[in-house]
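After this come two complexes, each holding chain A, first together with chain B and then together with chain C.
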Partner chain A sequence: MANSAIPGSKRVSLLSRLSLAPLLIWSVILVLTPNALMIVYSLWQSEDGVLKQVVSIDNYIEALTNPVTISVLTRTLFVAIGASILATLIAYPTAWFVVRRLSKRRLLAVLLVIVPLWISFLIRVYSWKLVLGERGFINSTLLSLGLIDEPLTFMLYSSFAVFLTLTYVAIPFCFVASYSALERLPNSLLEASADSGATPIQTFRTVIWPLTRQGAAIGFSLALLLSCGDYLTPAMVGGLNGTMFGSLMITQFGLTNDWPLGAAMAVILLLITAMFLAVVARITRTEGTLD
Partner chain B sequence: MRRLKGFFSWTAFSGVYVFLYAPLLIIAIFSLNDSLVQSMPLSGFTTKWYAAIAQDGLLRNSITYGLTIALLVVFFSSIIGTYFAVAINSATGRAPQILLATVVIPAIVPGVVLGLSLAITFRIIGFNPGLLNIVIGHLTFTVPVVTLVVLNRLRTLDPSFTQASMDLGANRWRTFWYVTFPLIRTAILAAALLTATLSFDEVVVTFFLAGTDQTLPLYIWSQTRFGFTPSINAIVTLIGLISIVLIVFATRTIERNVQSNKSSDKKL
Partner chain C sequence: MLDGTKGINSAVVRFVDVSKRYKDSSSLAVDNVSFEVYPGEFFSILGPSGSGKTSCLRMIAGFEQPTSGQITLENTNLVGVPPHMRNVNTVFQNYALFPHMSIEENVSYPLRMARLKKTEIKQRTTEALALVEMHDYAKRLPHQLSGGQKQRVALARALVGKPKVLLLDEPLGALDLQLRQQMQTKLKDLQREVGITFIYVTHDQGEALSMSNRLAVMSSGRIEQIGTPKDVYFRPKTHFVAGFIGRANIGPGTVENKPGNVVGRWGEFVFPVAKETPLGPCVFSLRHESINLGSGAEDISAVGVIKDVVFLGDSLEVFVSVNGLTLVAKTQMQTGIDLTIGQDVTVSFKSVDVVRVDG
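Here is the complex of A and B:
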């Protein structure tokens, strides 16, 4: 398709420029404008549900000084980062196992991890409500076996439930990202490392990890993006103790009807996640490339 | 020692799969359990929760509504996304890279942020919440998915195919239709299937854009949050089974197509 590389075809080059125009229009109308409007909105005020178009940073000050918002934001970051790390720690070795140990059944193993991604996010979250609930699968099983007398209540409607569910939801993303990096690792590199007398741990630290950590980081980042702004999980299994930043945003949109404050929270969330992802991308750059 | 290590890694490996599937299986088991309360021990076998699906008018409406949206989204995002991929692939310089990065943004930002920014935009321009808003909202994150999948395929194509076609006098359009399109068809099909599930399952963005009509996930959402209705388990199990059948079908088609492409490559 390298038409424009043909020398002396100015007309073709102009044509390919023109053919990018729809992309520009799309980007401006559906990407840049909504984000710009969200920022504008975050600078306006809402008084008793009435929109006042006065520019000020009051919403940001309110969001960042309110103790409730601060504590929920901190909890959200802890839970989201924790879940993303745990999901990566589970998914990366699993991907490694699939790449190294399986040959015939490899495609099936990969497919089985991806299948849950195709089953609705909502359903996957809901399933944990059935597992962890006061009369859910775990409690009612333990009760009927006589192992406990009272249902364990710490499981549902807590940060723990949100953490567990987010980890569960994130595993397939982390797996796919880790797998596609590990799969491209040539066997010869590992053999060379072993032949040179490296222990498996040394091989991992000096060969495998530096070449595949970018994949792990992509999976981690996807998981973080997914869990940072999520409000379905906290609403379904989090209860009052498991409220997350996304739930607070939704409240501004619905119950409180303070869209400008909600917009300010969205901008804050966006900036924080962008910052984290930039750090992750920076510290996990690969040393060398695999084609 | 070695065998013990092998045993442990196999156990851990299988454990991951058990973790992934156990909650889903529990939904399926409860969907066949003859009790209003979803607890162990099981009370007996019944299919009445499945029968109840047919009686639920709201549920049926939400499925039709969701399918209508998904069809529109698949139709438009396949065309727009394919066009974007071809345009980006044939242009040179930095402009296509920057445009691609911009188009992809809505697919990466957290759903709440995308939903809120779109809701604000529609409110300002005065679009009432409803079908049109949802379709546009879904397109913002499905078009980049199609673009990336198709672009990925285009970049693996041998440029000599299109060059040969142009040398033989075919114009850009004929070259696309007779040479490029048959080669990227499976990528478009795969992207369309992905888009369909993405749209049909979406809750977060849809929540901000929906009017009074509910899509299926919004209906399930409103049902599961407060009341427990066992027929939700039944519908959820059905969707899961349909998804799995679709995936198997999609993977088969793609594999077969890749193989037939390979063999036609050989013939060339």
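Here is the complex of A and C:
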């Protein structure tokens, strides 16, 4: 395990350093630089769409004092966190079922869950329009069954529609993360727990969850990152009531042409989610490693 | 004390006509097996891999259910009882320690699951750790321990709940030879100390012979023989047992009725056998070490030619051909006799050491 740093072996350490180079280059080009640029932009100003390279924190003050921004940000966090939690709550037990109950058809089940990822994101979101819309699947079914006289209109173009769609989009990610954690859990540990007199519920609480919650947390984090900055989903199924923070940001980079304000909003969202994810990572941390 | 003559109700674990067929398998993993284990006994199930020995153990633990038959623990039915409701504990082959719990938490786990009082948990955990001499490691995590140490923690965890029966599934399999031998002694001592019935599954005949009060030899899902280590070693009942345990000369012969007595004929050897021995063709077994070389000291003897000599370190294996029948004799290094290949040598053995085994 700990063979990466053998003392007195210069070649190995040079090689291992070299092998880290692609990772380093990748992070600098694709992660550090864009984020640094974003932070720099957020400190500059825009006057009538013209960029002024004057450093101040006015954009932050503007973003954080504007009641619209604050209410949209709050709603975005609620919807995104809610969707991520629901997606995890659906995906984790599903992954458990696939790992524990299916043997031969396991691969098929995994494939079925992640197959939607092969389809364009846009189409996956659009499909919910077809489900929730006025002449969508739900309404036409209810109408033909005679359960309602007029199509229900509250479903599409609302925060609820955004919530539902984001949940749906996030499920495969949560599933894959939970699945890989659950699959690594050796059966003998579950047997040892039952053997020690633990009921199935006790086994879940004391063995299964502590050893797999990091996987669930990774899935949750992916879901949260995907959903809290998303602007396509609210644009397609959210309507005016379903406006999300991502929609506000994209407006700054487009319609309003206020890049510095948009950048400041992006930094704010980044900091909030980073803090939230740090807390999630902290509380789901488990000591010890599986062999 | 463990003479097998105890009353039928005194068995701790009893198998009655137990069979097990796994899903998608055409053959029986356990084929109509019956045996009893008595209180305080060190009972081993010995067999090659795939013989059904682990399946038997897993049925006692409750991880598998028998396809047919009955298993009882102290005369209460075990079939259908989930593992966590059984008063037996298992030491797993790969230890199965919980990686996220300290050694102390691992050992106290069964007590915590039973929701005992904090003070009692603390006290019994300390005792169990002391029993296996692991009290200095209480705060460590499993991955910081060596294999032998993990093994001892697994033992402590299995013993802390004071089970009726301790099940051990090849617990020494992953340890190196020296540690394995140390642990054998340790296990045997521990079993005497705690007085709990041990059921020990292994493919290692050395372990089974040295530790057990009694052992069952299994092959292809069936029990070939149950008996004390001496019984099984010196009086094998079947061809399989004779071949699997120790080293033996095994070959076809016949049992014939001679005027006055019943004799066995094996190659050119003719020797008396018990009167009730069934007549006709049969298989004889004779331990390598039961053959004497160089003198006609025993009641049956003949002269043969040395074909080969194999050096084993502490002893020699001498292949002797007696009129076309090759016998292997195990002998000490210094015998004072000429063991040159091609040399004539006298072989002799006691007729009582020849065992007639079932095909």
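To be clear about the criterion, the second predicted complex is superposed on the first by the 258 of 291 C-alpha atoms of A that agree within 3 Å, B and C clash if a C-alpha of one lies under 4 Å from a C-alpha of the other, contacts with A are read in each partner's own complex, and residues count from 1 in each chain.
Heads up, the rule we're going with is that contacts are C-beta pairs under 8 Å (C-beta built on N, C-alpha and C of every residue); 3 or more make two chains touch, one makes a residue touch a chain.
The shown structure was predicted, so the numbers you read here are calculated from the model rather than taken from an experiment.
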item	value
Which of chain B and chain C A:Val207 touches, first, second, both or neither	second
Chain B versus chain C as contact partner of A:Ala198, first or second or both or neither	second
First, second, both or neither for A:Arg124, with chain B first and chain C second	first
Touched partner set for A:Ser188, first chain B, second chain C, both or neither	second
Chain B versus chain C, judged by how many residues of chain A each one touches	B
First (chain B), second (chain C), both or neither touched by A:Leu89	neither
First (chain B), second (chain C), both or neither touched by A:Ser140	first
Chain B versus chain C as contact partner of A:Ile272, first or second or both or neither	neither
Interface residues of chain A shared between complexes with chain B and chain C	none
List of chain A residues in touch with chain B within their complex	1-5, 13, 15-17, 19-20, 22-24, 26-27, 30-35, 37-38, 41, 90, 93-94, 97, 101, 111-116, 118-124, 126-131, 133, 135-137, 139-141, 144, 168, 171-172, 225-226, 228-232, 235-236, 246, 249-250, 253, 259, 262-263, 266, 269-270, 273
Chain C-touching residues of chain A, taken from the complex the two chains share	186, 188-189, 191-200, 202, 206-207, 210-211, 286-291
Residues of chain C touching chain A in the complex	61-63, 82-84, 88-90, 92, 94, 96-101, 109-110, 113-114, 141-143, 157-158, 161
Residues of chain B defined as touching chain A within the complex	9, 12-13, 16-17, 19-24, 26-27, 30, 37-41, 80, 83-84, 86-92, 95-96, 99-100, 102-103, 105-106, 108-114, 116-121, 123-124, 136, 139-140, 143, 154, 157, 159, 162-163, 166, 172, 180, 197, 200-201, 203-204, 207-208, 217, 220-221, 224-225, 232-233, 236, 239-240, 243-244, 246-247, 251
